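Two complexes come next, and they have one chain in common, subunit A, joined by subunit B in the first and subunit C in the second.
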Partner chain A sequence: MIWFLRGLRRGVVTTRYPAHADPWAEALPTPPSFDPQKLTFELAERLAAACPAGALRRDGPDLVLDLAGCTGCGRCCEVGGEAVAASGSFELATHDRGSLLKRIPIGADRD
Partner chain B sequence: MSVAVRRVSESELNQEIAALAANPAARFADLFGAHEQGRVLVRVIYALDQEHRYLMLEAPVTDQGHPAISDAEPAAYVEECELFEQFGVRPSGNRPLNRVLMPPQSENTFPLLDGGRRAAVPRELRAPLHVRGEAFEFPFGPVRVAGWESLYMGLVTTGEEVLDLYLFHWHKHRGIERRLRGLTPERGLFFVERTEGLSAASTAWAYCRAVEAAAGTDVPASATATRAVAAELERIYNHAQAIALLCQTTGLSVGQAQAEIALERCLRLNLAAFGHRYLFGVVCLGGARRAPDSAAITSLLPAAVTELERAAAALLRTNSHVDRLETCGIVDERTAHRLAVVGPVARASSVPIDCRRDHPFAPYDRTVVSVPVGTAGDVLARMEVFVAEIRESKRLILELFTEAEAEVATLTGRDGAGFGWAESPRGETLAFVAVDAEGRIERARLRPASVRNWRAFDDAARARNVFTDVPIIEASFWQTVAGFAR
Partner chain C sequence: MTEQQQVEAELHERAVALFRRSLHIRTFDSGSCAVCESEIRLLSSPYYDLHRLGFFFTPAPRHADLLLVSGVAVRAADHALRKTFDAMPEPRIVVAVGACALGSVFTEDELVHGSVDAVLPVDVYVPGCPPSPLALLHGLLVAVGRLEEKVQAFRFDLRERNPA
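This part shows the complex of A and B:
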């Protein structure tokens, strides 16, 4: 009953987002982040081959990550060693499809 | 593994099926096709629960039509339709079929047939639907309220009472069995886990057991304990979700909120124990990728289950809830047998089958699994089975988690065929995998429990039920469209 009266008094029907930091979210599987300086062309090819969802591909001098396809399975982190880690970021909602495509320059093999 | 394989001719298949269908101890489990030397090979699987073994009949069939298995075994009708859609072979006698996986516009393409098309296409006949007199068809779906899967329901009614109901699942078809062809079993596991996301651990377990059987690999005991802990956690959160949905469909918002709080606790427990709220990535070929976090199990499991039991007990004392569940959506024992349903739907209808006990495999062969059974066959009986199973799953987890480790055995053999099973929250899940000499999947068959149980949904929903009972019955069945349509 208290929550009902409190809601009536404040006239608030929803809470702010996020109402507070949620420590549970820290353990969620998330898409990868890459260290461009540790990426090589050969590693980029292996990462693309390891991604079962087809969310990673090499495009010339870049590695392309499609966040719309990534399921956060973590296989790239296993393959990539120090060059890849879970990003910890899962708030990916956007109005722009293009912003879900991330181009990562492959730094180690670049002139 | 207790699976007997028997090769029969096309003409013998009829006699074998007739004998098995007349045997009350034999339960129809699956029917599917495969290629063999340019022909289609039909495999029919029966569960002989009292003998603790499965029987697999194999019969090569011709394009002219295979013996109509559903004549003797009505439960096989769905698989007969599927066999036509995948391979273009149909039962003899020009019996009408329904579209189950592939949409009607895809006719004449058969995705699992080599080449994809048949030169001489068998005539497709669909079961006619005639709605006459005062009755009319009320179309519902495939887009439904947020969070519910795509499913078309054709409700035939005169206004309130449900006279008939038919379902289209194919909006959710993803061609997973087709997608698995040519992949390595390791790669295939990624898709298998996503066949029915709410049964990721148990579907993966059945698939891995099939691949391990094909390779002749024994899984370390500690890894089987890990798999069981994940599968039991999966059962608890699924049943919690079903109870929350029952509250939603009976209009009990506070009960729904309480069940959903308990559900969220269960999902957080999964995350803390295995690193994934829906238990993806736990089961791998040869064992288990990660061990459960013991501290998470001991600190979070009892509280989550207590909260869930408290919510369920309050609901079962609430007349406005119980009144909606009693005598609603009845699946009687005879129908449950006839349609070969599995899991809580069967157990609530006096059919006490559970492959953890009837076809025991590690680690369940080292313990006693209690199988709760209801007799009424209605929604209330199914909810009571959910509650009893939550309690039993908690007991099993606390018994097994201390021996659970992340261990992986190396798969020795490369080619061969194997059959695996596991008890998912919805019931018996089966998998068959054939691997070629190059170590790639030749044929993978996945039969989640939803394939069996949706068959009984229309029976449960029609007659003596009104429109507003249908969502309640659907919640109590707690099947997935993804598992059926895969």
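This part shows the complex of A and C:
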């Protein structure tokens, strides 16, 4: 009986997901987000060189982020300064492998 | 899309809908570093408690509806992986878990296929190294059609948050 009451006092400790994401979910190691206006070609090259997983590469006017390869190590955030930060997005499952390739326009918005 | 493909797609969708609140999962490690397994194991912990969603792990592929494959698909596991897949009753779902299984870490060589895609028809890709238990839950719910995919809408632009 005493264990039952103790359990009640603690309340529900199970995650509410998928009804709500957990408050700490944003702190998970997640792929980076970029500020296209602060990106330069030079910085893009340095980001691509810094990525140990090879998930970042420069392709013409775009920086290509392969979410499938990103390990969430955060080295691009160290190199990129204000232009790069962790996205906090973990809900990346998809039926379409191609949608995991993200193109980030370098310099300015084109859309 | 031809008429036959349309019918097949519709049939698959209706069959998968049967799994929505009762899904049995078989895990397969095709040469991963065991961190994906560690995260998969956490799903059955009291905190994540995937039983509340009607998902269960099963030790036998013959009882499984969904195959959760992690790792780079080493060639040494070919036979076991093929037998596991063949033993599963139709309809069956294959979910590739982690960066290795998605084919972005190791390239194809004489030891590994490099991605699960090369061996099995993959339905859902769950990226991450490792994917957190929440990411795995999202992947499973996408696989049975209970949650929408979100990644298409994500732009990874710092100035706007990815829509939740």
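Note that the second predicted complex is superposed on the first by the 89 of 111 C-alpha atoms of A that agree within 3 Å, B and C clash if a C-alpha of one lies under 4 Å from a C-alpha of the other, contacts with A are read in each partner's own complex, and residues count from 1 in each chain.
By definition in this document, a contact is a pair of C-beta atoms (placed from the backbone, for glycine too) under 8 Å apart; a residue touches a chain by one contact, two chains touch by 3 or more.
None of the values given here were measured: they were computed from a predicted structure.
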item: Which superposed partner A:74 touches (first subunit B, second subunit C, both, neither); value: first
item: Which superposed partner A:28 touches (first subunit B, second subunit C, both, neither); value: both
item: First (subunit B), second (subunit C), both or neither touched by A:89; value: second
item: Touching partner for A:52 - first (subunit B), second (subunit C), both, neither; value: first
item: Of subunit C and subunit B, partner touching more subunit A residues; value: C
item: Which superposed partner A:99 touches (first subunit B, second subunit C, both, neither); value: second
item: Subunit B and subunit C footprints on subunit A, overlapping residues; value: 28, 53, 71
item: Subunit A to subunit C touching residues, read off their complex; value: 13-15, 17-18, 21-22, 25, 28, 31-37, 53-55, 65-72, 83-85, 87-97, 99-100, 102, 104
item: Subunit B-touching residues of subunit A, taken from the complex the two chains share; value: 24, 27-29, 52-53, 71, 73-74
item: Complex contact set, residues of subunit B against subunit A; value: 187, 190-191, 194, 268, 271-272, 275-277, 280-281
item: Residue ranges of subunit C touching subunit A (in the complex, touch as defined); value: 46-49, 52, 99, 102-105, 117, 122-129, 131-132, 134-135, 137-139, 141-143, 146-147, 149-152, 154-159, 161-162, 164
